[in-house]
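Letters are used for the chains, namely A, B, C and D, taken in the order the chains are written, and counting of residues starts over at 1 for each.
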Amino acid sequence: MKGALTPRDAADMIADGASLMIAGFMGVGSPHRLIDALVARNARELTVIANDTARPGFGIGKLISAGAVRHVITSHIGLNPETQAGMIEGSITVELVPQGTLVERIRAGGMGLGGVLTPTGLGTEVEEGKRIIEVEGNHFLLETPLRADFSLLAAGQADYVGNLAYSLTAHNFNPVMALAADTVIAEAESIVPVGVIPPDAVKTPSVLVDHLLLRAC
Amino acid sequence: MDTKELIARRVAQEILPGMLVNLGIGLPSMVANYVPAERGVFFQAENGVIGLGARPPEGMEDPNLTDAGGGFVSAVPGAASIDSAMSFGLIRGGHLDMTVLGGLEVDESGHLANWKVPGKMVPGMGGAMDLVTGAARVVVAMQHSARGKSKIVRKCSLPLTALRRVDMVVTDLAVIVPSPAGLILRERAPGVSIEAIREATEAALVVPDEVPEMGFDA
Amino acid sequence: MKGALTPRDAADMIADGASLMIAGFMGVGSPHRLIDALVARNARELTVIANDTARPGFGIGKLISAGAVRHVITSHIGLNPETQAGMIEGSITVELVPQGTLVERIRAGGMGLGGVLTPTGLGTEVEEGKRIIEVEGNHFLLETPLRADFSLLAAGQADYVGNLAYSLTAHNFNPVMALAADTVIAEAESIVPVGVIPPDAVKTPSVLVDHLLLRAC
Amino acid sequence: MDTKELIARRVAQEILPGMLVNLGIGLPSMVANYVPAERGVFFQAENGVIGLGARPPEGMEDPNLTDAGGGFVSAVPGAASIDSAMSFGLIRGGHLDMTVLGGLEVDESGHLANWKVPGKMVPGMGGAMDLVTGAARVVVAMQHSARGKSKIVRKCSLPLTALRRVDMVVTDLAVIVPSPAGLILRERAPGVSIEAIREATEAALVVPDEVPEMGFDA
């Protein structure tokens, strides 16, 4: 862990055109301060890998509304009509991935696997262009790893060395995304002294976190 | 009883003690209202909680505890938080006893389409493809028709959610069980005739000698 | 969860010839009471899937000493000379699997994946008989899922519905093995009322656990 | 200074502030003794702890906290418990900055063999194959020879641990850096001549003009 950043410094670190994994599920467990900072610095041409694009005015929806996003790899955009409109008019390209496949592709990218075989998507549009592998008489799609330049995470608690703990349904994609980017930036609801998060409660070990946002004022 | 309540109550009867059940957004989520707490059922939401409970009292909502639609929920005693990898490990790995999903079309092969209307509505599959592929039992809860058009069709015209045959379809008119021999009409909604169901259904139905009315205790 | 069992009832449930995943790393985090019960009932012809065979007189080593094991799928037997001797004389067959591959194969078996692609083992003896799959110019071994009839787990705490929490290095293979067997039996150092293990501390959700051993006296 | 201490102290110099480092059982585990706490290094053991610490005071040992060899350890402030899937995710995914492993043979291609002597000793690869495949840096810490026979060989006769070229070999005689051009002799142990190293080494060595002695502060 390289120390605490202001949201603005973090947003400046993320160049236009960068690929970002952004944690969260309909905005729950999303790094809202980082998102606001990206909107504030007028980020452009981002690729976003995320479960969904939340809704207009909330979470990743703010990036969509601001026109910051060029490409999305996601499982669901049904609750954000702006993403759907952007897709139809061509300002945003969208790659739809089944949710369980999305999380495994991210995990594979973070954990050094060359891919995983899943039955999900067999015989559907998701199959198009993918290799089908037979194992013991059953067929599976070969799904390949995903990685990004940055992962943007939101934790309930962080400690001074960067260990993260999450709360209830705010876990979602945070633990896997923590492994799958070149640079990992996290924000936390509270930052506590080392030792306050006991080893068994750490969900993302500090060694994965490059930067922590300084505490919210 | 309105048609949504009828569907939700009938689906609730399929949920046995101790099951782990995933309920989709919308109509399926209403099913929980008709499953008595003493049945010891755990509801899972794919966003990462096992043991989803009712909406909390006003002012007690936790922004870090919602259902898959983003609505505030609570957690029952014995609940567990899980991340997305574990959530879909449970789903795809066959640990989920039942999923209840909405549908756009179900066809004579028992195939479900529920994630895309090309050129019109592209919400994305979310967790639906994994749920239909992996859950031990897949129940579709939907209205029998939309804008006068049967949603029980000969062959899905919309993109499929999975190749797996769903196990049961519950509509405001009927309970239908897809099988290798086709769609079996198992139950009628109260006061609805077999003829009326046939008329409202594009797909061919296999009709046994006995097609009882759905039964409701209350 | 179907309620508490005596160790003896649990051992009776496990027939000779059954395949068992047994958690633990050199005996730490292993279900010692279940192992003792299997030795006591003179179990035979077991297949054991486990990280290692511990050492003689400890953990899985007790099953080896008792002659209960016919086949082992494991990453390391170096600290148990009895396993090595059994392998050489032919009373035990041993399939050696790299540790990171072993845990991914178990996870795949438990999470409905048809396999994973790993670079580990490429160009070594581990490669023999396996398919090599190319993804974006890199080569990987296709490793297939593992499942068993039973998983035998050890938790630090369990609650009345079967939620499990683990302590420090006693986690190891417990969380993945909890998904990968037809029947899951767990023992715990303590059994506490529902609610004592908060949702964020549960590492194995109750829905995965079929039986819990009654408390140790 | 005995040869094991010499090797351990020299390897310790490779460990930079803030690194995540895995130490193998035996000689490699001694390296931790020579890394000052203020360097802020986290030691990982593949059995599932990040932030491995020294053996606890007598009577304070926790049976649920050991190193990969089963020996009692402690956990430093900021430590984290992880399961085996995460442990090897860190290793294989390139998150581990360095691993220090023992060796049976290293050859001119920089290949390591350290898990099997066919027909004699078959401990199994444990985590070694994943470590050598995935760690950002692989350092082999071993005696230069065993029973008078060089362990730095032309070509490994024992089964390989991985195809990946190891990054450094530290022995009681030398520091050797495998490269596409062969094994480069980088440092000599104090008082050991280049000639003595050549004689003790089966493999061909690339010898630069300057081959300084290992430097030790204390």
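The rule we apply is simple: a residue touches a chain if its C-beta (ideal position, glycine included) is under 8 Å from a C-beta of that chain, and two chains touch if they have at least 3 such contacts.
In UniProt terms, the chains line up like this: A, C = Acetate CoA/acetoacetate CoA-transferase alpha subunit; B, D = Acetate CoA-transferase.
A quick note: this is a predicted structure, and the numbers were derived from the prediction, not measured.
Q: Between A-B and A-D, which chain pair is linked by more C-beta pairs in contact?
A: Of A-B and A-D, it is A-B that has more C-beta pairs in contact.
Q: Could you tell me the distance, in whole angstrom, between the mean C-alpha positions of chain C and chain D?
A: It comes to 29 Å between the two C-alpha centres.
Q: For chain A and chain D, what's the span in angstrom between their mean Cα positions?
A: From the centre of chain A to the centre of chain D is 35 Å.
Q: How far is the middle of chain B from the middle of chain D, if each middle is the mean of its Cα atoms, in Å?
A: Chain centroid spacing, chain B to chain D, equals 55 Å.
Q: Can you tell me which residues of chain B touch two or more of the remaining chains?
A: Residues 49, 75, 81-82, 88, 91-92, 133-134.
Q: Could you list the positions in chain C whose residues touch two or more of the other chains?
A: Touching at least two other chains: 104, 107, 112-113, 118-119, 166-168, 199-200.
Q: Which of line, ring, star, complete or other matches the graph of chains that touch?
A: other
Q: On the basis of the stated criterion, which chains touch which? Give every pair.
A: Contacting pairs: A-B, A-C, A-D, B-C, C-D.
Q: Along chain A, where are the residues that touch chain C in the complex?
A: Residues in contact with chain C: 104, 108, 112-119, 133, 135-136, 138, 140, 142, 144-145, 165-168, 199-201.
Q: Please name which positions on chain A make contact with chain B in the complex.
A: 25-29, 51-52, 54-55, 74-79, 84, 87, 94, 96, 98-101, 103-104, 107, 118-126, 156, 166-176, 203
Q: Flag every residue of chain D that touches chain C in the complex, lowest number first.
A: Going by the criterion above, the answer is residues 45-49, 62-66, 68-70, 75, 81-85, 87-88, 91-92, 116, 121-130, 133-134, 159-163.
Q: Name, in rising order, each residue of chain A that touches chain D in their complex.
A: 1, 107, 110-113, 159-161, 163, 179, 194-195, 199-200, 202, 205-208
Q: For the complex, give me every residue of chain B touching chain C.
A: Per the stated touch rule, the residues are 18, 20, 42, 49-51, 75, 77-82, 86, 88-95, 133-134.
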